[in-house]
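Per-chain residue numbering starts at 1, and chain names A, B, C, D and E are given in the order in which the chains are listed.
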Amino acid sequence: MILILLVVGISLATPNFLKPVNLGNILAQSAVIAIVAIGQHLVILTRGIDLSVGANLALATVIGGLVYRLADSGPLVMIAMLTAGGLVGAVNGIVYVFGRLPHPFIITLATLSIARGLALEFAIGHTTMRGMPSEIAFIGGGATFGIPNSFFVVFGVAALVLLMARAMVWGRWIYAVGGKPEAAVQMGIPVKWVLVSVYVISGLCAGVGAIVLAGRTEAASPLYGNLLELDTIAAVIIGGASFLGGRGHIGHALVGAVMIGVIRNALNLLNVDVFFQMIAIGAIIVLAVEADVLRNHLEARVRVMQSGRAS
Amino acid sequence: MTAAASASPVLAVRNAEKRFGAVHALKGVSLEAYRGEVLALLGDNGAGKSTLVKCISGVHGLDGGEIELDGQRTAIHNPAAARSAGIETVYQDLALFDNLTPAQNFYCGRELSFPSWLPRGMRLLRRRAMDQEAAAVIERLKVRLPRFDAPVALMSGGQRQAIAVARATVFARKVVMLDEPTAALGLREARKVLDLIAQLRDEGNAVILITHNMEHVVELADRAVVLRQGRKVGELKPSKANQHELVSLIVGAEA
Amino acid sequence: EDNVKLGFITKFPVPFFATMEDAAKAYAAANPGVEIIYGQGTSATDIEGQIAQIESMVTQGVQGIALTPVDPTVAPALDKAISQGVKIVLMDNSIPDWKGLTSLATTDNYAAGVIAGQYLKSVLKAGDTLGILEGVPGVPALDDRVNGMLEGLKGVEVKVVGRAGTNCTEELGINVAQDLLTANPDLKAIYAACGPPAAGAAQAIKNAGIASDAIVLVGFDFCCGEAEALTAGIEDATVAQFPAKMAELGVDALVKAIRGDEVPLLIDSGAALVTKDTMSQFQ
Amino acid sequence: MILILLVVGISLATPNFLKPVNLGNILAQSAVIAIVAIGQHLVILTRGIDLSVGANLALATVIGGLVYRLADSGPLVMIAMLTAGGLVGAVNGIVYVFGRLPHPFIITLATLSIARGLALEFAIGHTTMRGMPSEIAFIGGGATFGIPNSFFVVFGVAALVLLMARAMVWGRWIYAVGGKPEAAVQMGIPVKWVLVSVYVISGLCAGVGAIVLAGRTEAASPLYGNLLELDTIAAVIIGGASFLGGRGHIGHALVGAVMIGVIRNALNLLNVDVFFQMIAIGAIIVLAVEADVLRNHLEARVRVMQSGRAS
Amino acid sequence: MTAAASASPVLAVRNAEKRFGAVHALKGVSLEAYRGEVLALLGDNGAGKSTLVKCISGVHGLDGGEIELDGQRTAIHNPAAARSAGIETVYQDLALFDNLTPAQNFYCGRELSFPSWLPRGMRLLRRRAMDQEAAAVIERLKVRLPRFDAPVALMSGGQRQAIAVARATVFARKVVMLDEPTAALGLREARKVLDLIAQLRDEGNAVILITHNMEHVVELADRAVVLRQGRKVGELKPSKANQHELVSLIVGAEA
């Protein structure tokens, strides 16, 4: 809704905005945030937070880059990236749950630091390593019918996770754990494993994000994904999920990610000065969320008034 | 009524001990429950009734004593173990998920799903079947819900309690424990729940009922166990006649 | 002559890049017919932001882009721009092994690091101790400044007793410098790979009450408070680049290339050692 | 407790650690995090989060630096910094509460961006502005009896906030709002104003942090306080507060801040390689929290066993 | 008992309307409460009793109708306004702060503090006085608490309810509304609460009591108002004799 308003407003302000190539750019630019936000969304559904996603993504690209140097094989490199991402996620989940930590903030902050350190340590020359198998370049940088391939990746990941969250027992458990953890224990749900699983999936999403970003840049870098944790959490929250858990829809997280992408793109197109961009991004995000709040509020009002007249 | 005291107990608790830091909540409590019998668990506030229930249902671990199911000493490590051993519980705090609908609450942790060769978490939900069956149970209990597809967050206290009780009835197989199931219920709903308890008993379950309502005890219970400050202070067969004796057991000598 | 429309992208908000932007604006003002639009990232690691800027400039139909690449991985985005007929001039630092560029206007960071190393070599003797405040670990240009310095220092056996990252911030600079001084009371020299930590180190030396000539402090960038530290005598030398010149040469090369003139592949804007005595020439 | 163990371990590893001058360094290095963590702690007590503290601090130093250019007066500059910090905090609180935002994450993320943008915009030359009044330099960089003055600032702020939180009605309200917001409304507590107040105080703490940091560096910079939000939240959580609100003690937040300071300092003293530092910081933080969890667990065990024997 | 129906009502609700989205929870409900009288508010689960209480106590705003206090039309915008107008409420969900001790819960939002010339939030707490007075009230109610200085999180359901009721008694000045105050209470504690209600009435408060327990209604209530599905369906003076009539009013014609 708000996204549509935003898009209309921007297209009036800058004619370049609606050019197909620019729309493709936006999708490609938002793809990484969107993919990682899907995992973050699951974590937030269970009242958690995953601060390590950005560093995890960087580490995954570096591991992928190292594997590429051993074997120029797209599938192998992808598996390496996914494994790296999933492993970091597993560490998050296992330490949090079985270490009985009071909140995942600490462990994911720690893996943020550790994964970033490992990425720098492992990267050849401690810096960007150029080169990626052609399959990965195709996925991250290529386009089909003018639509960036990364869009299809976002779509695929979203569909898969949506299917798992909506159609599978596991998805129901996630909502239950987020809704009332003590009750979930009482009902015999394997709460610990559900929690571990969402961190693993968040890590895997970071791995997928690594594939897309590495493909787009045809490189691996220990510096990738800086502040990605804030972007993805913002996307999820803009999309309407609650830190109190158990509420929210993956589609909304995607909308949030695209919204962030659209705002950044528009500010670039409008040639807004850097400092002012920072100010504008902050203001627009708040306004967008605020508009949504007001809209819900008004809708509820109108509904009460209408049903009042009807009865 | 139909209980055969001679039959072996389906559930037996022996010398249960439980401490919370400095609080000694259960001091060597023993009890036995038989199939086809309603056992009332009585006691004043803080007597340890809920604690005992939670120890049996696997929420708390016992600090001492043991639990036998069908004569077999059984360690109940967690609620999942209790549920799969056939013990269903209606908790005093209801254990409802505010963000889920009544049907989703019903089957939470016990979802109908397929295919069965997959690990449980990865199976696909049979939503339709769950919705229908949950609706049927709710219907049977004559609970009026404003909407069946809305989260339970905004339902009234009684509606919530009715949902929690209904949930336990769906899965009851051996032992059903109800911790003050009628506390928030209106007259009609309370009656339905009592009928349901009778039905659970007639289906051969051992029912453990915690309540402060003496009328309900006299009406339904085959036996009553009374706790006071974590200790078992008596066990008798409740009737209109000995209701006063029961009350003085509960509140202690001074009353 | 034809009008040309250019993009000018710098890395992140520090005075160095602000100076470059100002020089480009001055160039556009002095050359009617040259229109420039500007972009800047938010941090030293804002790779994705810079890619987005390149893409949106192409969308806006620029004929050429002059940019300071924040990371080698912006290359594919530049390749895409080139495929749309956009010419690229790099400034400040190169992208290793990338062949798409029309020209590169730069200070060779490694060579500039060597200048700093040679200065240190001239004031230190064998057995002296040195602490290094690195910039952002993993950023090649900043790493070059350290490696170049070590190269320049070769010949005297100086002991490196500590290296820590500062993210080019003054806060971490002051903390790390403080800790270096504590761990090594006999520390003889500190080298900082960017301006803010150099200023932080100067402050740490001052706060610790160490005499300003007891310790050699060499910075890089000549910015962000280094001028004051040099004046006060706490900082002994720094390496200055010439951002304005770099920007002007870069934009000029780009305009020429778009208009079809021949431009050299490498334009060196140079670097120089700045000391208290010579600093007035650089301000 | 864990802090003491950590200190003992480190002093064995590096003799320099226990030198008075180094202990002074640690206090000075932890001071900013500690001060800002006190404000963050109040926010977290009410189930909130303040991501804007770092940018707010930077903006406050810049405003202070501008005022210094007009008048070389310590008090005036301090007032300017506190006002700037408090204002940003007020914006956070007011927009969050009266804009009915679902969570303070969004608005404080927005003010993070906006304040950073404004700081860059306002700073002369968009960069570090050197020079601070001597009073501020004394507060931030000076020492009395060998103890850094910033330590006394931390102490003062902590004592003041502790007094307010423990002895004042307002403090009780904070715990009530954090414990059960709906019940706080039902009991007639002015929940909205309580929420606004904690964000204002968090902003003021950022202002105090600005004074200390500007004094220590004798400069103002729009780049200060980068990632300070994560450091302060980590300090609060390491100190044992809960994101679920209503639980935690200010003293613990200080311990958390000092712990972070000690770890960083020790790694510098030990001359640990840069990349490995990142890895080590992450690992040590988790271990510290984990050790605390285990200790509590063991203590509870022992208590049960002892009371078992006694009865 | 002591009520003078002729006296003017201290609280009057006229044609109260409340909707939650599609749910029409109150449909033109009116009632009057008099000083020195216990008014029972009856109805089955979901009838709208709690909603009415929350509208009077300022938690919800009315969508239609009005509230009069001492004959004055009064807008009650929020719970603070209701409390300072002399209306105390024991909510069905208790509104206890799990992280606070009983004494802190008691005075929450109403802390004893000084000096009085400061704005309320900035005054200093009088901890000692609050602890002592709270302990005295708890003592009077004969509630057994495991520890008086521990947070209420871990107390039993009945202990929690007793604390919530005790809290309302401390501040009662004009109207006290109790939403199922004995639901989770043991026999002894329930008795204490009933005594307390009688005492509140004798002190001249208008007491509004919601309960599903007919015995309590017959014993204590001077008048009863019955709601069914958001509508007021009757008002009568409860007695042993017309208890059946009351029940059929509550559950509706079909019963």
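Note that in this section a residue touches a chain if its C-beta (ideal position, glycine included) is under 8 Å from a C-beta of that chain, and two chains touch if they have at least 3 such contacts.
Bear in mind the structure is a predicted one, so any value in this text is a computation, not a measurement.
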| item | value |
| --- | --- |
| Third chains touching both subunit D and subunit B | A, E |
| Most distant chain from subunit B, judged by the mean position of its C-alpha atoms | C |
| Chain whose Cα centroid lies at the greatest distance from that of subunit A | E |
| Between subunit A and subunit C, centroid-to-centroid distance (C-alpha), Å | 33 |
| Approximate Å spacing (C-alpha centroids) for the pair subunit A, subunit B | 43 |
| Centroid spacing, where centroids are CA-atom means, of subunit B and subunit C in whole angstrom | 72 |
| Numbers and ranges of subunit C residues touching at least 2 other chains | 13, 137 |
| Residues within subunit B bordering two or more other chains | 22, 93 |
| Per-residue overlap in subunit D, given as positions that touch at least 2 other chains | 120, 126, 274-275, 277 |
| Residue numbers on subunit D that touch subunit C, as the complex places them | 14, 16, 19, 21-22, 25, 28-29, 32, 120, 125-128, 130-131, 141, 213, 216-219, 221-226, 264-265, 268-269, 271, 273-275, 277 |
| Subunit D contact footprint on subunit E (complex, rising order) | 57-59, 78-84, 89, 91, 93-100, 104, 108-111, 113, 120-125 |
| Subunit D contact footprint on subunit C (complex, rising order) | 13-15, 18, 134, 137, 161-165, 167, 169-171, 174-176, 178-180, 182-183, 196, 199-200, 203, 206-208, 223-225, 228 |
| Subunit B contact footprint on subunit A (complex, rising order) | 167-173, 175-176, 178-180, 182-190, 193-194, 197, 246-247 |
| Subunit A-touching residues of subunit C, taken from the complex the two chains share | 13, 37-43, 45-49, 51-53, 55-61, 71-77, 96-97, 136-140, 143 |
